[in-house]
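Reading through the structure tokens given below for one structure.
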């Protein structure tokens, strides 16, 4: 199992804050592809321009990174702080 | 008569804070030339690079300006505030 | 000295100034960001600020480190508020102390530019008419960050 | 709102912040200059700051006006201390409020650069060994002012 957390408008548009799914192997790009394939609204919500960064186990990743069982992944939309 | 005021290091080097002199006519450049002609230490102290600006009646002047009896002139060395 | 705080409570700048090292710092620059009320046609009631605990602090630490690599700064304090904020309330404080003023100015501006485009905060606007919406990221903020890679 | 104060007493930044207009200003940038103690080999005891009353205020007003012509700033407050100042004491405060942060940052830095090279203040250093001397104007301050005429 892996845990996926959603932030900002993604949480609202997908109507989900976090979920746990079974994940055997694959990297962060595979995970995004898997989520986008759920249906059209997932595919739209997780479009390239709506994703600022992925975070694995509280570490921001800057390139596609392997995901393992037990990992916590967070999907961050573009930030608007300050 | 005109009044001349000295500021910053000019006051110390010339050992004068203010003075009154008789001045019939001439502009600010004439006044500087007159003061520089007093002796070598005045000439050195009032060298071009030691004068930031002249002030006539509390107004900074940016070019040579006529000086009249009753005027207050101030000689400002380069500033070092802030 | 460097500190990062994420909090719901208002901050006092005085409290921060007391933390500053006295040893030979000649310049203190501070930036305070405030909730504006009239950006849109619809009057704003309040802002809600979400963040990603621990990742936020990590990112701000990284941003401060980038600034330290680039300018000779002696201390830097960042406070960012989260939760509900009304119009006129202070959102963010960045305070930088350095020996020389140019370093303090540039580092503070750099930290703000990066904070706006890199730190995981998200604003949601709640309007007086009961509607709400997430704020969209601004291209201008990305541009302002971008200039730090072209300069010098 | 704009204000200029020349005073011997210490200033409180809080006092100034209370003066700021709440109407839609999104950014406040402040600069504080502090007396440094270890610039020279000889340890400093205190600084004496002389100025030219009324001409100083006039010049600072002119500098603020130059900044207002250039940036959209909503308020600006300048306090400059004169008289005897010890190491670690605050000399000058410039505080600028604007709708956007870039204007607030640039206007504050501009005002400081001009203030340092145009306003009639003169510093005299008094050292612990009993000696004293007037501070020489720095070329670097003139350079920093100069960049505002080449930019944009």
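Order as written gives the chain letters A, B, C and D; numbering starts at 1 within each chain.
Note that a residue touches a chain if its C-beta (ideal position, glycine included) is under 8 Å from a C-beta of that chain, and two chains touch if they have at least 3 such contacts.
Here the structure is a predicted model, which is why all the values come from computation and not from measurement.
Q: What is the set of chains touching both chain A and chain D?
A: C
Q: Tell me, please, which chain's centre (mean of its C-alpha atoms) is farthest from the centre of chain C?
A: B
Q: Please report how many Å separate the Cα centroid of chain C from that of chain D, as a whole number.
A: Their C-alpha centroids are separated by 23 Å.
Q: Just the number, please: Cα centre separation of chain A and chain B in whole Å.
A: About 73 Å separates the centre of chain A from that of chain B.
Q: What whole-number Å value describes the gap between the mean CA coordinates of chain B and chain C?
A: 49
Q: So which stretches of chain A touch two or more other chains?
A: As it turns out, chain A has no residue touching two or more other chains.
Q: Residues of chain C that touch two or more other chains: which are they?
A: 33, 112
Q: What chain-chain pairs meet the touch criterion?
A: A-C, B-D, C-D
Q: Of all residues in chain A, which touch chain C in the complex?
A: 7-9, 12, 52-53, 55, 58-60, 74, 76-82
Q: For the complex, give me every residue of chain D touching chain B.
A: Answer in residue numbers: 33, 49-52, 54-55, 58-59, 80, 91-92, 112, 115-124, 134-138, 141.
Q: Which residues of chain C touch chain D once you look at their complex with the stated criterion?
A: Touching chain D: residues 13-14, 17, 22, 24-38, 88, 99, 101-102, 104-105, 108-109, 112, 144 of chain C.
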